[in-house]
């Protein structure tokens, strides 16, 4: 049986590999962007790419290096408050909307900050760090991956907001159009099931967020899930059946939001009324005709639109428990960031549930609350997840811009019900 | 065994008694108010009392008389759209905020409308009405009671908003101050339990709202509930411990709302900084010193304040399932509208759970969603409850302005988490 | 030569007659309204009629009785702050929007307050009051007349806001349709002229507001004024020529305001798209067909609409100096409140300038600033006019709801350029 | 006597020199800024520097090259709508707030656009261009200088908004502190005077904006102007005399704006409450102690603050006519952009009126309206000035960031009364 130290050392070595890979992935994604691109903050949900690069480094400096790395020299004294996102326990921070004014420090300095932190973490990982430091580094990498996903999400909105609608990358070659198979419903018997995770406190190689804990019993009624995600073609039928003008299909709050915002289609859909060219959809590869994407999962829906579509279809959204129960034994494969598609793709023809992981975050019917017995992390890290447990809705499964190593069946994402800038879509469910 | 008809007839006779009592209670509560008082609409949540008197009559005319009472003559053709609240299926309606402009029809005409509807319903009930009509009359009476409670809630806000802060009724005599007993925690073992109600479709004398259905199985972890509600004195300790300036106690959304609104105490609390007289609390009997109310349950809290208080106290809010499980076998007694107190009163010294019914609506930790298998009522009545199932939080137990015959253990009230104009407070819970 | 005292006594006696007449006129106008009607405050510019009745009495109590009437007993101690409108020097006051919550004091008490003040002023006027008191009573009467006009303006908006659109009074008989004569332009040579008034400080029987002082020299270029006001028919031609969709006709701020507010016609114009009945116009006598009002002056325009119309017509608005120069020698006759029309009427066929007084307030091209050498009244009364001298536009001539004895050629009315709830229209001007 | 053509040729040659100098000055000012700096848009009034560089080139392309330069190839077809600011006659344009999303085209391409336009204009100027083209080039250069001033104004706000408050340029050396001389009042007799300019249509070497025309007669009462601008020390006395909490000093609209915005000092003033270091002022050279700037003119005031200060001082603001009358015969010298101070400096000790040109734009008491007989330029250029003639206040004299060759005694600048991001201050006036 290995000693504790040797276990930690193995974990540290693995973590070092992971650290290098994850940090490199962030920079690789940002590589096609100019310093000017990285300044844009085009909606209240988003941040400039440059800020993401700095903040994800700030996280390691603040929660790892400052606490555990003896002799660590902070890169710049102002960065400790400048790149704080929302951790009130650590002191005041700039208002989020001010991030668009951060022309200084320039990108070069942000990159130097990253390199400085990288070197310090690498050295620290080779210096027999304490277990808590390993845990925080691992948390910092999950945090980094969340911000990598946000970079993809935010730059899509930023480039779309530019009236020229430039692409993040050109569409190198159009893949042959796949046809999504017909929807089937996969039945589940329900009954008692286990939801969430109670990690072994001594197991350093297992990671979950605090909001996935503890593992607990839930009773489910019998239910069925659709075998694949809802497609653009199916959503277009909802639009053409006057889905956006029939109040009986909508939650009251959704009806109000939809009319106030003037929604008539998912975010990034545009109908060219002058040329009769029909609908087109903005992607990270620029605008594409809806005709070329009709079999792909519909994306950039609010919860309200997902819910209205389900009602129109005579179905409903799954709860997060139904989803996790169904996903628990499935492999974590799918169209994720590493595929390079950067957009959902049509489902394949396999048996059973398809597209559970990747493509789009799936809106559930569940509000975001703490599991029974939930305890936030101690200290400032307790602000990571727990303080957002109101007025948010759970999404499951990751999307086409989620790093593959970041997703789990127990992973709980959450956004307000009117949020559309995420790669969010839906899968139907029904009672049986 | 009685025939179906004789059962219906018995139900109709009982319903007639109930109809007369409920409709009379509304008018009795409004009696101390002038036509001018009944014009005031002092916040977006509220409506003028006069509008409530009309709308609750509109409900009977629209859903009962128009559909089932042969030969019924509507009181006024415009009333059908003028007093519609939010039923989009029935056509357009005036914006809610316009209700403050309804000087016409004058109160006299609204009262004549009530009398006209009353006479028609009474005649209809004596004419062997069909079962569906009986069901809708019963629904209309629950609706009437909800609006009676809203009248009490709204007029409190209206009179408080008046810079003179007049009382609804004078405080006839001050009851001797009771001391709330110390809090104890009542343990529950958890496990599988049944939540909600599946009413017998043929049973005309049983009423639940659609959002209480169907009865279904829920698994509970072991838990404990506080034996009584949180008092004003306890809440004052939270204030004096700087509860309103410590972000770690608050949900992020609550912190933002609290600071944006400038909350420093529950709604209706006022501190006289000029005279050092300390805190006083506006009630339907006018302002009273906090010292005279310190043992009574704290009231007019938002969910965010209730949640922050619980975190400060090292406890949590109960889920709606825990609450219902605990309440299921308790008698439905307590300080409700008929007591005439019109304000929460101090807990008594009994064994076990006190104040589960009446005094204040108790915020739970549960968001408002449909139960598994939930189906809204068909037609326009389907808009009654289901379309509000987003971004709302469940409250349980009724308050000091809820009619006693209106409350049930399975009753689900719901408001947005920043709502404070309701008689809303909290009971603490903890894991065991 | 009369002594000073006998002059004052004569003035006091005249003032008593005027006081009785003016105060009675206010009550007479309010007579058709119910206490409920008098509660409505339907837009930020407006106040409830009841508040007007109280505030105009407050003015006499505050500025006359409290300062000059020995032994005067205030009617109610709270009224001194409750019915203050905007005089910061006198202390805090309720926010304007709270006036809609003033169900208490009830109308009966407001009327008793008026009677109490009336009796005290009448007694005071018979007690050899000092000259300053006489001046303030006269100011109070002009103030009362302004509020009478506001009552007419505000109740029109209040009744229109009610979805039933009740009339203030029925249209007793339709007067035979007059045809407005063709427009002619009346030329003025310009040059040096005298604008404003410098009243003799000792002359107690002369009244002007401080903003009309002092009389001063202005140099005018040659100009011409249209012989009558712009009619509804002429304004309809502007609408039908796409006036509301052509940015080149509008000031930039007006274009933004018009689109933000969704204006497509003057306030109170409504086009029935369902019945093809065409345009109708809400008046204090209820809706009337535009066809029946086409020759009457267009009314309830913002400055921006008046300005855009003038540009469309190839003309311009007059300056306030041009207007006053032209009006200085004309009789003060026209369609004012006492005519009972309560709406503009078609111009007659006389020579020269018609409709200079009454019908509609005429927007000018002049911003509201102090005349050279302007000094506000001393003390709190200095807040009456001077503090509003920014971002307002001058209107001249009075309207169909202005009391006839209230208007003067030197009278300067002023409102923000987006204001439409006033009886405001325009007369064209041009260079010569 | 020269022929018309030779006159034009001389004008063209002079214009070429001016064109090169003006265009170079813009780039020189932007030189210390990074592409990232040029992306920031920190308030609704401002635009990114990069946008200014593009738009001022767009102006030449749109109004000169496209209309007059045969064979001109537009740099990029999208730029014609992308960089339109507010000329509705030319078609739709992006919303102003979207300019912060213009990461593409990158700065390099904007600079290439400038070079392309520069080359084309230079070639055009050497090709015997028609007179109208010369007039428009001259207008384009005045436009360019306005945008150079806006670049200085906007980047100051952008860098200040950055929580690090970087300087545009470091303060190379502190000049020795000058003491502003005591204020004296210079009397003017008033009477008839001539205001504005009526340029000779054939004179190509004379430039005024359309809003300075035509020259016309105005009658002035006797008046006096303060010999210098109000200083920071004088303004501090107003603050310390509770100027921001005394409503009697403020216009009603100003009082509301000040309280709503939370103003307690001019923009860019900051009081360090933690260190007792007192007031400091942000400048383009970073923060400086108020003590080091106390004798310099106060700057970044709204009209409301300037007006309140004047009332507190027992004086008033001058009218724009008084100002122009006084300035008409003075030399156009002062602290302007070319001095490099980039901030107002203390007045010298000369005779008569000091600081009439440069240092700060001087708020006047005059609203912005057209002069008698004013005609906007024909076509889209008519939107340059005329459509803003409402709710704006006139400022005179230029500031420390105005190019010296851009200012004239007849120059009318205008902003809304709550505007503070401009280098705006005041000079006192009084009646005599």
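Which chain is which? They are A, B, C and D, in the order written, and residues in each are numbered from 1.
Methods note: contacts are C-beta pairs under 8 Å (C-beta built on N, C-alpha and C of every residue); 3 or more make two chains touch, one makes a residue touch a chain.
Here the structure is a predicted model, which means the values were calculated and not measured.
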Farthest from chain B by Cα centre, which chain is it? Let me know. D
With chain centres taken as the means of their Cα atoms, state the distance from chain A to chain C in Å. 60
Using CA atom averages as chain centres, what separation in Å is found between chain B and chain C? 47
Counting in whole Å, what is the centre-to-centre distance of chain A and chain B, each centre being its mean C-alpha position? 39
So, with touch as defined above, which chain pairs make the list? A-B, A-D, B-C, C-D
Chain C partner, complex, touching residues on chain D are 86, 88-89, 192, 216-221, 247-248, 250-255, 303-304, 307, 365-367, 369-370, 372-373, 382-383, 387-391, 393, 417, 431
Give every residue of chain C touching chain B within the complex, in rising order. 34-42, 50, 78, 82, 94, 98, 100-107, 158-159, 161-164, 166
